[in-house]
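Two complexes are shown next, each including subunit A; its partner changes from subunit B in the first to subunit C in the second.
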Partner chain A sequence: MFLVKEFSSEVDSMAVGKRLKRKDADTKVTGEAPYAYDMSFADEQYLAVIRSPYAHARIVNIAIDYKILESLGVVAGTAKDIPGKNILHVILDDWPLLAEKVVRHVGEPVVILVAASLHLAEEARKYVSIEYIEIPAVFDPVEAKDHPTIQIFEENNVCSYWQQKNGDVEKGFAESDIVIENEYRTPAQEHAYIETQGCIAVPQGHDSMTVYGSMQCPFYVQRCVAEILGMEWSKVNIIQTTTGGAFGGKEDVPNQVGSLAALGAWLVRKPVKFLLTREEDIETTSKRHPAVIRYKTGVTKQGELKAIKVEVFLNTGAYATLAPAVLYRAAMHAAGPYRCGNVDVQAYAVTTNLVPFGAFRGFGSPQVIFPGEEQMDRAAESIGMDPSDFRELHILKVGDKTTFGQVIDQSVGLEQTLHKAREQSGWYKKRKPTPTIAQVLEEQKKGKYRRKGIGISTIFYGCFLGAAGKLMSRSGAYVQVEPDGSVRFAVGTTEMGQGMITVLSQIVAEELGIEYEKVYMTPVDTSRVPDSGPTVASRATIMSGRALQDACKQLRTLIYDKVALKYEVDATDIEIKEFQIQEITTQKKLLSVSDAIKLVYQERGQIAVAGWDVAPPTHYDNEKGQGDAYSAYAWCTNIVEVEVDSQIGTVDILNIWAAHDVGKAINPQTLEGQIEGGSLQGLGYGRYEEIIFTPEGRVLSNNLGTYLIPTTKETPKIHSIIVEDPWSGGPYGAKGIGEQPLMGIAPALTNAIANAVGVRLNTIPATPERVWAAIQEKIEEEKV
Partner chain B sequence: MYSNEILSPTSLKEALAIKDQYVNDIFPLAGGTDVLVMVRNKLGVWGESPVLLNLNNIPKLNFILETDSNIEIGPLVTHTQLLESPIIQKHVPALIKAISIIGSPQIRNLGTLTGNVCRASPAADTLATLYARDTQVQIQTVNNSKLVPIKEFITGPGQINIPENGLVTKIVIPKLEGYFGDYISLRQRYALSIVVVSIAVEALLSKDRSRMDDIRISLGAVAPTIVRATKTEILLKSNAFTKNLIEKAEKMIIEESRPITDIRSNKRYRKAMTGVLLGRILREILSH
Partner chain C sequence: MSQILHVTINGTSKEIAIEPDEILLDILRREGYKGVKRGCKEGTCGTCTILLNDKAVKSCILLAAQTENCSIITIEGIGTRDNPHPIQQAFVDEGVVQCGFCIPGMILSAKNLLDNNPSPTKDEVKMALDGNLCRCTGYSGQIKAVLAAAAVMRGEK
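On to the complex of A and B.
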């Protein structure tokens, strides 16, 4: 089914592989790009949401003073006012739009208020009183699993379970000389997209509903709005507005935001705006799942990797939302990109009374990669081996089997990334022996507080949705000719800042042999574009790209036929070179591709061809814990250099070398943008970012003054290294790049800290307090 | 919903008269970097949006003056102005160090020293140095003007001691000839972040450099207000200035400080850091 297009070097390329300017650069730089906030409609209304102040409580009574509200022109809505189903579909259908009998997290929507101004909607809160009876809550996933009395999801609070089984771990540990066992904790990470969540619902009377908004997956929103309003899907139209960052945070949350706005609009029959403030956004919308990971690794003194045993407890918050899919990725990535015959991974997604957690760049994998890569480093350390050499012994190569039994027969660039990152960073020269705590203290006495260190991680990324999401792995595309000889294409995947429009335009330009400047993308509107599946899992370039290739191929045939007819040449004897169509045998130029498209238009009108694609089959047998988990894998080595102040625990990051095997860089410039942005977000995860909850389960760090992400001042030099080991299933050999830049930074960073000052962290982020406390603990342990 | 009534007098006299009339129902506005956020969030002294007394149309409130014994700073002087002022650079170098890391360039361009003082945050960057300098705050009403020591002016987090019809019209920083001044702050990142713990020192060595003739140490973010480490100051003033004494001082300041755990850091770390930071400054002095 998958063939590699004959395509060898950049010399032949018209668009692919070039550093072309982003299609959306100008409007974003000038500020002209219209975001949800910029849109307005006649007679628009505003929405305020009354949310639960409790983490877990029964709703006894909702008293609304309708008389006063009516006199103020305010309309209130509760679960009873939902015309369709009170369910926001994601995977398990456990997530209500408005709580009816029980609230399960602080900030859960209970009542909506719609008024002509936000001020009025806010004022009207006092005319609604909700009586609750608090019930005991649980916030820790280990505690919540099989909790004897607190029940959030079915009997045991476990909403999803995945496993990996390979060989016999107990035998593996018995054969090991050294067994390393630790419990790790990772924090909730906020997406901190520059544009907060927001949707505007515009009803066409009772007949249909249009929702505009900032989102990744308009077709998800279409389904939810249709089901909430009890409307046919074809009467619900979702239009994506320019989206100011998403990172997974706008995968499922717009289901809620859009449906709340749509319910409001349904009740008042007027356009309703629902734009979240930063505080409301951080307090009530999804974040990266916090996790507890128990990790056990067995090695021999000769450096054999004998056994890996992992238990993952993913804290899903109050509703499952995307947890089954997130957990799948966590389980598949838990043992790393290594050959190991004895593996046992048990992964649980456990519901608690925190805000529902969700998708975030890396999707469950950063939570297990931090422990996994810490363990690899500790294992290497325990046998006195260089951590990069130790990894090199075990990393997957072409033809190897993953720990879950998948043979990877092509496109395995991990070794190349390792070699390149090591070479460009000057690894062996920079990597000094890790000091003892006595040495650190000795240096302190001489006034030397700052020590440098360097650390590494090697990771893999299962591209696209994989076996757990294969039903969404389809992708559609249209390509349409315009009378002026330009081309317009439509896909259902979205631009959220990652550069998709640019990259897909390059693919269309390349396929048709037309100038990049003459290719445009239709804005994403569910009534006009095909469903290309969700814009998640680093899949848009590949899946939409392949559907577009399919459509372009058909259009190319059409063009060739028209040209052959008009110029009386053989359709098999023409080719495209430098935007021109020419005869192959005579090399005679016939006309430009753009003129040929005009020709097609003149004859056939504004014809659109439809392309289609589906990801190669994947299958995972969870009973056996083995299977072909993903269609393809991308690979990456990160090396991080730090300077640590051993007295105060501050960690400055000096350099990041990020080497990524992406198959093919369609646009190296946007690719580097992804690597730099992802690395920085990974640095945030490892070093700075942590949502702090109160003991009552409320988000305390609810703004960007208390939830700290790295600024330009914390940005190190990021050295992007691109490796291209093509994958036959991807357009031009491309795989994905969206997520992996973030995934392996945290452990490379903590491994660098260990190299600098000799202490290990089991919890991220590596705040000064944690690094300092680890140093103090070591001083006490070793009594120096 | 954030609209406010704003009164913009053009003279100090007029401003004082307005304050006298509105008393607690009006709030002075200079740079607005904090006040406007509070208005938006309906925080602090108001459940509802207050009337604002905009002082920005009174150019006479914008001055940096050097007198024989003091530096005087008007209420509209921004952080950026202070950073660029040769007077401040020469006479209060520790303040330059503190101000250079406040917020971001945008915040420093708008925010004022007087605003920082009146917000009375225990984590405010400028305050540690002002306490070490025994700075005075001039409070004016329609018919009165007086100077109040900063430690009496600030009474708690966000709390100041000012008559309901009073405005701060000047900050007076005494010059300290021959002193070595320094300021160090720890924070979670290098820009747009709040102090975890900070220390300001003003030290005068004896001519033979064997003793401290005077030392003032103030700590930020370890108590409800900036505090002076008086026990440690006494220890340092009453003994020969040696490496050994520095070690004793480090221990004493850790004993003396009483920080809390909050969203930004924890008690144990903050306490330990007071010693580390003091040690660094004292060793710097000793090595010079």
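On to the complex of A and C.
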């Protein structure tokens, strides 16, 4: 048997705070865990999608040879065959399931084909011909905004707008001694979850529909499938299968994947499997929004941070999907975790004719953190200050106001993360003065090409959905104890590898005083718990954790009542300690929790309860550009150490120190897993990864051989540093952690490159070509 | 035209009807070895890794017909929940499993290494796992786990 290994430091806790064995590890190391495409159903059919070859075109005619298809046993479906609404609801309802009159990006679905084998469905493509007339397309967000002729979304292509306003930014710049101004570009980043997207729709005739699949947000899929099929929501049931990574990529895309499968299943009245190949997945599903950011910072020679002005153009691709929410996060994080009296952030999400971009760990914030942290470094440099000291002067502390006017009255661990990261990395010893290009060339003459450098970033993360998503910010839970002393629970948030099942099981074990080994989570199923919102924004542990705490509290009362009756003690004088129920006043042990559960069962007491949680209030006034944007904040300092070859521009990453204030580490082991994995994705964003589009708007790097993610060889030593500054709203003080590890790596990396060879990058990733070009440009500029 | 493939899978000899152009990965999955995963189908991700005559190979870039009379080991063949292989146990102990999709392939690559090199260095482990992509972790846990399993397999722990 797999042994249960634990390393407990806290005597007082039964499960929380311990490095307990992951709940899902056994089935995953033996290959038993059922992912979407491991499931089979009798008489299952396969789906192929005919997609637009053009970035922007009118559909003139769709000709389908139904006769031949019928003889082959293939069924075709177009927008006309959709029984309900041809809309995939996300936020703005501009996204159709199947294009009808216009296609707006390469890869947009137009026709589906369903057959008994994938081969047959693919073969049948030749019996469908679609006639298009191409129309002009636009791919750059700055160009697309207010485009005179190309219209993708309403009249100006701007599908969302958010702003931050504080003080008088022009006055701030007037009072500054030094003003730094630049335009930055960030790439489309592919999620590259190793399991591609996939759903299986199983119809019960035309009566109801069940969809199984790899996904983050089953309740989104439930609504979409119901609306597409014109069914009541209660007739649609979504069950999450083991999900092989998501990172935001399986937030809204399964709306489409699940609905295409469901439409197919509705048409043929048989189970339909729709599993994307890697190429189809990369070419047609969401990625991190590419962005153009204009950033301007003003400082005085004494080191005052006088003004920050930011313009953000998020490229949303052909449909808005999640852009309004992503843009909100970009706007709120644009001026950083600093005190600054004069701030102006103008953020636009602009539609173009690229594939619809969407959620990706960090959700709009990495795009603005890169320029913001890059300019903090330039600012420090311009006044001759150490960049970590400069940041320390301005970072938020308890009681400070954010640039959008929110007073943060607790749980601000940023300073601690800064101190710890600096100390553990040996910052002051390693940080050498940044060389001039003349010095770099001088050293090259002596045969020294490789130079080390170290860089820093300090960031914050607004936990959970925030004011823009507050209506979705609710969570349900269901807990049922069984007469054998085990307990099962259900929640509406999902496990996608981050460790939620483990952490929530720890919370239930702790709350009920039941051994962790006896706690089980049932697969996420929309029929078990009410809409619990999406599993995004690092909210699963906190929101489901709080709903579970609510349920467990009710269960405890039910148990205490029966115990009190039987043992003739006062029900308010009972507590759980070390898996036993005892009297508080006398400390007398009455019985074990398992026996108490048996007792309740025998006495025919209620053994199952539902819990509920609503997030603390948030409010943002976009007219004023001020508000309480999020209910809590997590904090982080990243330090990256590199070695750069000044002659050829290659960058080796030596070390990453990642110090995170998470409130409370419920399971330090899964937490470290999140920090390491997130940091590596952040390194990918800063150093390696970039989706290349052809001039016609097609994804060129459409497989894992051309889109490169870090392998063992590229992975540096990642030092996870955990800081716990508890938040009173979270279970045991915990805050969200899923996204933050990725967010600040890219600028810490480019700042390290700058420290090594004296050149700054306005575009990521920092490929050797870009670093080399920046060095050449500098040589040119300084005429050395 | 279909043909009969003779192979030994996880110690059991089998006769499987295949088409000449069928890929080994698809055949294995069709035969129920669902621990063999498909992350790409072009030899880059490593999730379809199996041991073919005791050598780690990617089953998505092999024709099934090429494996006539070969012996194949999949994740199902190296250990079970009740009797896990030391590498599986180490992956559980070190808490390195996240979404898990890369894990079967990675464990087989590690087994291939340890069968041939019972005392690898950290760099040798890194090299051995280089063909197995993982998007969730920072790889350090897997590397640690393989080194820990090596010690167990040498009888040191």
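The rule is short, and it goes like this: the second predicted complex is superposed on the first by the 773 of 784 C-alpha atoms of A that agree within 3 Å, B and C clash if a C-alpha of one lies under 4 Å from a C-alpha of the other, contacts with A are read in each partner's own complex, and residues count from 1 in each chain.
Simple rule for what comes next: a residue touches a chain if its C-beta (ideal position, glycine included) is under 8 Å from a C-beta of that chain, and two chains touch if they have at least 3 such contacts.
The structure displayed is predicted, hence computed values, not measured ones.
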item	value
Of subunit B and subunit C, the chain that contacts the larger number of subunit A residues	C
Touching partner for A:P148 - first (subunit B), second (subunit C), both, neither	neither
Which superposed partner A:D26 touches (first subunit B, second subunit C, both, neither)	second
First (subunit B), second (subunit C), both or neither touched by A:P433	neither
Partner chain in contact with A:L680 - subunit B first, subunit C second, else both or neither	second
Touching partner for A:R278 - first (subunit B), second (subunit C), both, neither	second
Partner chain in contact with A:G205 - subunit B first, subunit C second, else both or neither	neither
First, second, both or neither for A:T650, with subunit B first and subunit C second	first
Contacts of A:G705 with subunit B and subunit C, given as first, second, both or neither	both
Which of subunit B and subunit C A:K713 touches, first, second, both or neither	both
Footprint overlap on subunit A, comparing subunit B with subunit C	705, 711-713
Sites on subunit A touched by subunit C in the complex	1-3, 5, 19, 21-22, 24-35, 37-38, 191-196, 242-247, 277-278, 496-499, 669-670, 673, 676-677, 679-681, 703-705, 709, 711-713, 715, 717-718
In the complex, subunit C residues that touch subunit A	33-45, 47, 74-76, 79-82, 84, 88-89, 91-93, 95-104, 107, 126-127, 129-143
Subunit A contact footprint on subunit B (complex, rising order)	1, 41, 186, 188-194, 196, 263-266, 268-269, 272-273, 276-277, 283
Residue ranges of subunit A in contact with subunit B within the complex	117-119, 122, 279, 447, 647-650, 688, 692, 700-701, 705-706, 708, 710-714, 767-769, 772-773, 776
